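Labels for the chains are A, B, C, D, E and F, by order of writing; each one numbers its residues from 1.
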Amino acid sequence: MSDLVWGPSEETRLVAIRADLASVSTATACHLLIAHGWRNAYMRGLLPLRELGLGTRLVGRARTGRYLMRRRPEVPLDPVARRVSPEIVLIESLEPGDIICIDALGVPTAGIIGDILSARILGRGAVAAIIHGAVRDAPFIKEVGLPVFAAAVHPSHSGRDLVPVDYDRPIDMAGCQVLPGDIILADDEGALAMPLDLAEYIAAHGPEREALEIWIRGKVAAGGSIHEYYPPGPEKAAEYMAETGRQAPAVSPRPEEI
Amino acid sequence: MSDLVWGPSEETRLVAIRADLASVSTATACHLLIAHGWRNAYMRGLLPLRELGLGTRLVGRARTGRYLMRRRPEVPLDPVARRVSPEIVLIESLEPGDIICIDALGVPTAGIIGDILSARILGRGAVAAIIHGAVRDAPFIKEVGLPVFAAAVHPSHSGRDLVPVDYDRPIDMAGCQVLPGDIILADDEGALAMPLDLAEYIAAHGPEREALEIWIRGKVAAGGSIHEYYPPGPEKAAEYMAETGRQAPAVSPRPEEI
Amino acid sequence: MSDLVWGPSEETRLVAIRADLASVSTATACHLLIAHGWRNAYMRGLLPLRELGLGTRLVGRARTGRYLMRRRPEVPLDPVARRVSPEIVLIESLEPGDIICIDALGVPTAGIIGDILSARILGRGAVAAIIHGAVRDAPFIKEVGLPVFAAAVHPSHSGRDLVPVDYDRPIDMAGCQVLPGDIILADDEGALAMPLDLAEYIAAHGPEREALEIWIRGKVAAGGSIHEYYPPGPEKAAEYMAETGRQAPAVSPRPEEI
Amino acid sequence: MSDLVWGPSEETRLVAIRADLASVSTATACHLLIAHGWRNAYMRGLLPLRELGLGTRLVGRARTGRYLMRRRPEVPLDPVARRVSPEIVLIESLEPGDIICIDALGVPTAGIIGDILSARILGRGAVAAIIHGAVRDAPFIKEVGLPVFAAAVHPSHSGRDLVPVDYDRPIDMAGCQVLPGDIILADDEGALAMPLDLAEYIAAHGPEREALEIWIRGKVAAGGSIHEYYPPGPEKAAEYMAETGRQAPAVSPRPEEI
Amino acid sequence: MSDLVWGPSEETRLVAIRADLASVSTATACHLLIAHGWRNAYMRGLLPLRELGLGTRLVGRARTGRYLMRRRPEVPLDPVARRVSPEIVLIESLEPGDIICIDALGVPTAGIIGDILSARILGRGAVAAIIHGAVRDAPFIKEVGLPVFAAAVHPSHSGRDLVPVDYDRPIDMAGCQVLPGDIILADDEGALAMPLDLAEYIAAHGPEREALEIWIRGKVAAGGSIHEYYPPGPEKAAEYMAETGRQAPAVSPRPEEI
Amino acid sequence: MSDLVWGPSEETRLVAIRADLASVSTATACHLLIAHGWRNAYMRGLLPLRELGLGTRLVGRARTGRYLMRRRPEVPLDPVARRVSPEIVLIESLEPGDIICIDALGVPTAGIIGDILSARILGRGAVAAIIHGAVRDAPFIKEVGLPVFAAAVHPSHSGRDLVPVDYDRPIDMAGCQVLPGDIILADDEGALAMPLDLAEYIAAHGPEREALEIWIRGKVAAGGSIHEYYPPGPEKAAEYMAETGRQAPAVSPRPEEI
């Protein structure tokens, strides 16, 4: 029933790009994705509860879970049923490097995870949790050490309004379709999802672009004008080459080139 | 990959209650469902494009489809791919008496069905289409003869923003969880979803309640007060019995009784 | 505990202006009220379930009720408690010419009145019901004959989310403060609330303005330009006097004049 | 100060396509525009106050006006100032065939035009008025005969919250950029804006597509399946040719073909 | 005219539970309240302007005030009228331990309190101010020392849009009904309102639950799984007893038990 | 094509008031503006990405730019076209003391400026950037040193949804009309726009009011009541005079006095 397709080959490929991908800001990656026609890779409004810090980037494999509105009245917690409840199976099956993505329809009136589940997600080795909805125990979650991205806080438990229905299937994360096995790139500006092959593209071409942007920022901060440096004209491209030994990639590439 | 469980037994049960269920307004059914603790059976804001008319009720078996936000750039329509596209497979597998329910995340900027798909849904014998999102060709759809419930109209096709991902799986219909095989009851006030056993309960107990409500409305329209008639006190319950030969059911039943 | 102050004197004053006030459109009345500095007399988004028809205007005395979000779990309907429940006391105390205004916080997920309460409100002689929230049984309500203005429809009863708390006290009607004893003026564009003395002002000065507007509309429909007729310059004011025997009031009066 | 560029050549071109363009539904035109990469041609949520009727389409040249939030306190209407007020200059300069498009920021609390301005807009020969905001006197406007599209109704005049600032300049119409001299196509599904050259493309290619869609709808209504007819496979394309003598255009054209 | 019922007995009861209640997080308290069927105890989106800090909880008696939209034009401040203006009477009648709760309809365009009123509320001994609406002077308020919860900031004074109407009456606080004399529990996750008897229940049963949650969090942080510890099975409940000497309360109690 | 009227005289006037204006909080200035009937001077919801700090105020001349929704498909960046693109011309024409105000329709899905444009805006000597819409590279922008106010963050570049259309023309900044050459006053509560003559009024009268407010705050913090001090009665006004040597201005001035 899972749509997650992942084997040693995918693992190897992710390991190979993890560091490079983490050197690219979500802003730069988003620009490259849109140039590919991927308009909707960003999970809008899902921001970290606590700032990660400039330059900190999270990379991981998406594991997905889905909630829908509750139908039946809530019943007392049944430990046996809970053992096979989709969100618990998902959490207990997380592997190091995963980023758990929960689609809770953006509902702001029920907290999907609290401090204990956050601690367990961290304990399983996950890199982050992203909730399209609310979290509870937010003051405690900030202490747990797991980066948690969410749309809202609400002290009630998820069962007030929602029930888990399945996991490792396609979901909606605040306007972004996420498939299990997608690669997530996140920083203080939020999170992006993309398939492994696009992640490889970003890891291959994002760093040179990031480097160029940093160089331009420095030039502009030192008084350079947009006309000269952003994008660099031929003269400034040569300056870039002379100073860094690198070819300046196009700031806004032609779609066919990428 | 479908979650639809439906056989001759279910069909027989639905046939047995179809007429009784259709005699109950969504308002009365909703009241009974909430008394059972089913708070979220109503699909909020999904209303018929064209009025059905007072007393017209639609009953059918839910067939579900789901869209998510588009990832890849749109490509020209490929007839082979379309043949196995989830929304087409779903439509072409509809059976008489079905009500197709499409979760398009409530997105108002892309029309999920237009006049041609509406015509085909009708041609397959479906009773209605309910779209958690927008429809296009709304002026034409009104002529097709299929009752269509939606949240918005937008002239663009679905591919502007959305792609179909699966069918006959649990979905969100504007705050209501719908499972394939649910029973839908709809009228000009909108649509409810419930499992077959609850539908049987509503079919069994709704009509007597509806009859009482109509009797009360007549009494009140003739000058009766709320104090006397709504709910009827013992004297008025006797009057009801005398006039109709029927026992007055409790207007607001105790949860344990139902 | 009621804030309603109303006696024979107020009744006489209302009777005296009822017809004149009903000859003024809400658009003209709203303009005059704003010229007085009354910016917030309009109940935004509360529109009639069924069109009243061009020129039909409703005038009545405001009777107010208020709901808040439910705290305690809902219990079975207790006829004794219901007898003193604020919304029932309010309805059963309505007098001919009243317009019942219910503040339900704009909540769209619970219907405040249905067909039976609408029938009773009509039976008590009320002119209209205005609900800052939802109504249920909307298809039936349209048949009852009582003009009902609301923000939404929802099949559930009010108790799903709300409880009545008091009546004949100041309330919020979709951005408009309404006091018990206010005068309501409503047509297909919606409803306005104002105190009796302002209603007298509108009744005194609105009709001449309405007459002028109709004359202007006729002139413009016949080809007159805005420059000449809207507002009328001295020559066109003379034309108005010549044709109608009436002095043209200022279209946009100076505040101190009114 | 106007950005409107329009001469006899443009007029001739518009006259040449007016009838063909009016034979294309907004749904079909929208599809073709998106295939060109024009995602945002639709004015979302601006719908006609009164239904135009199936098949009625409006075509005209866009004349644009813009309001911003009021800064200064409102002063009594000054006839001299009004004569040069942008919205009045715009209205009095309308020419037959124009469609006036007013960007009022979508503000729902002040009516931009009422019955008199509507009558004058009609008197100037305009085809329709489209308001990104509210209108007042809506019950009367429906009688005037001018098709008026708007987002809301509110009885107050525009000056409650807004002031006109300029005209015949680029504006935002509910998510659609409109330039003066754009061609507007509108029906009961709403309105689209596009430059003249794209309008010519739609007029040239829309009708054959509309014809094919109608033929498909007929086939599907008679029991044809989506697989066979939508889009038509080679056999059904031949059937179309045999029955109509026309080549079937691609339902979803390759971008490079158009 | 006040609905506040509070005497030495209530004061004694509050004193008795204050410390225990303050040891319970809003998340834990909210869970217990929902288990009692109190779904709507949380004031959604009303968060502290400045973080209180992990573990800081505020407990106090609710004193309520209510604003509605302004009707009349604003007049210069009249010191005599102000003396009896409801919001001033309320503030000047605050007693140590009170939490002032102001329902300003959630209006984001007018600040209900600024730095001076905040300083006075603190001066009266109040524990916190919670505003269902906006506050002004937010940068200064953060310096005052009074915890202030609000939905928005806006530099204008309340009179731009609102007027106070009454105090110590039932109000709506962002989806939560609050009665004067309710007990408020607030921390960085927001604020809950409940009657004194429920507060006593939370004070009696919340701490043991909080203690268990902390114990579970520790176990899970040390590598324990959800299956074993959340909720604890019999073996882990015994471990809890052995380590802490305490009986583990049910994490999700059966409704009838509480 | 620019509406900016600014010469040595205006510059001199701004220099003359800059320090005094910066000593007035936006809350105090907003109050004075509303007393003049300027209700809409505040840009709602546009807050600094990083706190400025208590007492830090920004004053500058408004330079305005405007975006609308994108029509044509995005094309690769053309350095020549970019040179005359309105937003680039605007940025490269900024002068020391300017505050750049960009109306991007409030669209939250495309970042108008990132770190490089922020660096250049700072490099041109501008005081701040205010975006009615989103910014990208927000983590980096916080490091640049330019105060940036915005409604949202989004990693994509502006071209995802928007295109620049003109500059130095009237714009809408989140409910506030801003003209080029307006004076902007901003602090951690947000930003106000006003013409130079009103800015002179605020600079002349705001400081004495601010001083009084601070004195009142001190008195109230020391235990003074609202009745005595806010506004100060005659006795307390005398106390103010005695302690500070200054006349107490009216807290809420009569409109005609200002």
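To be clear about the criterion, a residue touches a chain if its C-beta (ideal position, glycine included) is under 8 Å from a C-beta of that chain, and two chains touch if they have at least 3 such contacts.
Note that the structure is a prediction, hence the values are computed from the model and not measured.
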Least hop count linking subunit A to subunit C through chains in contact: 2
Most distant chain from subunit D, judged by the mean position of its C-alpha atoms: E
Subunit D and subunit E: spacing of chain centres that average the CA atoms, whole Å: 51
Approximate Å spacing (C-alpha centroids) for the pair subunit B, subunit C: 34
Shared interface positions of subunit D, touching two or more other chains: 39
Each pair of chains that touches, named by its two labels: A-B, A-E, A-F, B-C, B-D, C-D, C-E, D-F, E-F
Subunit C - residues contacting subunit E, complex: 36-41, 68-73, 105, 161, 163, 165-166, 169-172, 175-177
Residue ranges of subunit D touching subunit C (in the complex, touch as defined): 76-77, 79, 82-83, 88, 91-92, 108-109, 111, 114-117, 119-120, 122-123, 136-140, 142-144, 152-157, 159-160
Subunit D to subunit B touching residues, read off their complex: 25-27, 29-31, 34, 39, 42, 44-45, 47, 54-55, 187-190, 192, 213, 216-217, 220-221, 223-227, 230-231, 233, 250-255
